[in-house]
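Presented sequentially are two complexes of chain A, the first with chain B as partner and the second with chain C.
Presenting the complex of A and B:
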């Protein structure tokens, strides 16, 4: 039960990041290898603000802002100019790899390569049903839940969300329909970056200390969760994250914490063997 | 093309394209005063040899203009060029007197040019209602009322408003695509093979809608594989071969042309 409790916390963080990635991928059709860096800059932004205030809200806002800015810059400064000149998806993918390395190294220049400590005054642990959670755990999960529900409502109910789905469905049809596709794509990157930045902050707080490779190290877990759920499917991403998060933490207790990520990939391999389209059926694709 | 006397449009094609019948008599003055969409010597390709070479057509308000021709003649490519989906390497597209050549699709729809592609013409994962809402993306206001209007025009859609478009039949999809294209009350409607792959009964239903649409005012420019059916009701028809203007005239008169029937329609 303890493992499942931790698993839910990990799942919440993975879900935030994976859903953001999934949404970004389905709308822009670009595989973003720098997704981990969106998380990392969020973590550092939160860490910087934490030097001045222990209040979590400004830290979170800084994390969101940092991720959003990087997401926007990545699209506006790099991906869009290249794709306008007819660069293929592979070229764009390589650009995101380059971005990941550049951001990592810039962070190393700024903060050094060693671990920085980032904590939230843990306080007492709370018993919630069978689970044992810290205040931070609960804040993490509630925030993730609120954001995921808001995303769902945005995608289903708002004009912007419907336009995002239209662009995801068929870019050229969206454009001939008059949807300002470039603006939609730009906003999607900002949204993706903001959510990933926040996830990065929560991840860093959970771990307690981190380096410029925080997000990069987590990238494959995020990809695993996205693929398990079905690539580009937002609801699938939530389910995939839940499975990956719980498997990781439960296995950490029963097997060995250092095999956490190995277990995540084991799940990925099994899912790819038996349901390569992802575990969420096409009907609920979002 | 002589009827346009001296405005320069289509002057190149006039040298090569044969005109059937007397255009001055056949083409009545437009009943509606919307703009005419004209392609003037458009050349369009996908890189390499152009698929469409110096083609000129014009679609007048309140009229059905059909572009026919054998497979690979460049009909759909021409339409894509006029819709901003493909870049034209030379020539001009005019809406009324305004040069709209190579504007983005987002701009063209705002100017009143609505394009309904042949395949993937609906947003498959969006519901029928959401598809219509997206059709009105650029107008925002009054989309509810307009959806009501279009539902009474396309009764089939009314009962499926909450179904995802991917669950619709081919005919329903086409109706939805037409309705989506009409959400903005376009001045010009470009239709790429609206009846391709549909059952004969559905084909008739689509044609009735197309005729009703043109009667309501906009210029309707349709590209069709089904030459006989489209020319029957076309106020003006163009025959394209090998990416060039070949023949033009009032639809029924083109159909009466023995060479054309022998070469492109058969029977």
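Presenting the complex of A and C:
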């Protein structure tokens, strides 16, 4: 039960990041290998603000801002100019890999390669039903839930969400009907970066200390969750995160904690082989 | 002088690694993020074949499998075969029905799983401690001094590079190489002409893994030790940068690019700490500039400095435009 409790916390963080990735992928159709770096800059931004105030709200805002800025720059400065010139998907993908390496090393120059400590005063653990959670765990899960619900409402109920779905379905058709597709894509990257940055901050708080490779270390776990859920499908991404989060934490108890990422990759490999469209098709209307 | 010998030896080995990456990225056009895994397999493989049986003690706690005490050359061949076989297994799974970007993700997964198993399991190849204690290969026969031996090993690596270059050039020009390029240029057309895409890609992938492992084996025999800190999967990005700068699918270009991005650049950025107070900036700057060079090349000269020679259609000299690749395929006998 403890394992599932931790699994839910991991799942909440992974879900935030995965839903952001999935939303970005469904609208832009580019696999972003620098997604982990959106999380890492969020973590460092939160860490920097934490040097001045212990209040979590400004830290979270800084994390969102840092991720959003990087997401916007990645699209505006790199991917958009290249896709305008008709670059293929694999070229865009290579560009994001190069970006991942560049951002990691810039952070390394700025902060050094060693671990930095980043904590939130945890307080006492709370018993919630069969689970045992810290205040931070609960804050993480509630924030994740609020953001996921808001995203759902935004996509389903607002004009912007409708436009986003139109661009995701058919870019040319969306353009023809007068949707400012460039602006929608640009905003999607900002949204993606912001949410991923926040997830990065929560992840860093969860593990307590981190290096410039924090997000990259989680990148494939996030891909695993996204692909298990069916990449580009938002609700699938949530279910995928839940599956991956629980698989990781439960296997950490029964097998070996150092193999928990390996278990997530194993799930991904199996899913890619047998059901590349994801395992939750019924929920996949995203 | 010793400095140039070191840079030259590592440069030659790195150029071999770049030639291996060029097979998947240059010839076939897919990203293989597991590549450094094959390099590691080659390095570990050569060591466990060459070293005698492991006798872990308090002073030398490293424990590993095999320990066959083979001579240098057979170990090199064995390590290359290990890499090829590993790539064959991973490729058989990854290339079955996946698109390019998914192949990159699944190969990255395999590389990370391999890293995790090799570093956690301390009975397999020494875990985090790694393996060490290799004797300088062939020196039991040659009995050279340290300086003489370093020249010898440089010569050996340059010879190995030449060998890999000649073999790969030959394969590139073979019907198999032509078919691969056809698949890269136009998958559907190649399939329509009866090419088995899966088998072609798988063979190319295994070849790439074997070349990587060969380079890794040479590297381990130079360092005489190897552990999980010696490699990371993102390093393949810099190898790809070498390929991009020099010229995709042009072996001479790839060697040149490797020298520029992976030999000259790190040596130049090594001087950076002299200019700033930051002492660790060197390797980071090399990575930033290396990865940046991918972006710059893709923007301004996607073919690289030395571009791939286009296929010439010898049957119709006065063709209207550049000869389509598919025509060359139609003539080839390989499939």
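Note that the second predicted complex is superposed on the first by the 281 of 286 C-alpha atoms of A that agree within 3 Å, B and C clash if a C-alpha of one lies under 4 Å from a C-alpha of the other, contacts with A are read in each partner's own complex, and residues count from 1 in each chain.
Operating definition for what follows: a contact is a pair of C-beta atoms (placed from the backbone, for glycine too) under 8 Å apart; a residue touches a chain by one contact, two chains touch by 3 or more.
Predicted model, so just to flag it, every value in this text is computed and none were measured.
Colleague: In the overlay, answer first, second, both or neither for which of chain B and chain C A:76 touches.
Modeller: A:76 contacts neither chain B nor chain C.
Colleague: Taking the superposition on A as described, I'd like to know which of chain B and chain C A:89 touches: first, second, both or neither.
Modeller: In the superposition, A:89 touches chain C alone.
Colleague: On chain A, which partner's contacts cover more residues, chain B's or chain C's?
Modeller: For chain A, the partner with the higher number of touched residues is C.
Colleague: Looking at the overlay, what does A:97 touch: chain B (first), chain C (second), both, or neither?
Modeller: second
Colleague: Should A:163 be classified as contacting the first partner (chain B), the second (chain C), both, or neither?
Modeller: In the superposed model, A:163 contacts chain B only, not chain C.
Colleague: Of the partners chain B and chain C, which touch A:111 in the superposed model: first, second, both, neither?
Modeller: Neither partner.
Colleague: Taking the contacts chain A makes with chain B in one complex and with chain C in the other, which residues are shared?
Modeller: Of chain A, no residue contacts chain B in one complex and chain C in the other.
Colleague: Enumerate the contact residues on chain B facing chain A in the complex.
Modeller: 83-85, 104-106, 108-110, 115, 117, 120-126, 130, 133-135, 137-138, 140, 180, 184
Colleague: Applying the document's contact rule, which stretches of chain C touch chain A when the two form their complex?
Modeller: Within the complex, chain C touches chain A at residues 29-31, 93, 96-98, 100-102, 104-106, 108-110, 112-113, 116-117, 120, 234, 237-238, 240-241, 278, 280-281, 284-285, 287-288, 290-292, 294-295, 298-299, 302.
Colleague: Enumerate the contact residues on chain A facing chain B in the complex.
Modeller: Those in contact with chain B are residues 159, 162-163, 165-166, 168-170, 172-181, 285-286.
Colleague: Which chain A residues qualify as touching chain C in the complex?
Modeller: 31, 33, 78, 81-82, 87, 89-91, 93-95, 97-102, 104-106, 108-109, 112-113, 216, 220, 223-224, 227, 256, 258-259, 261-262, 265-266, 268-269, 272-273, 276
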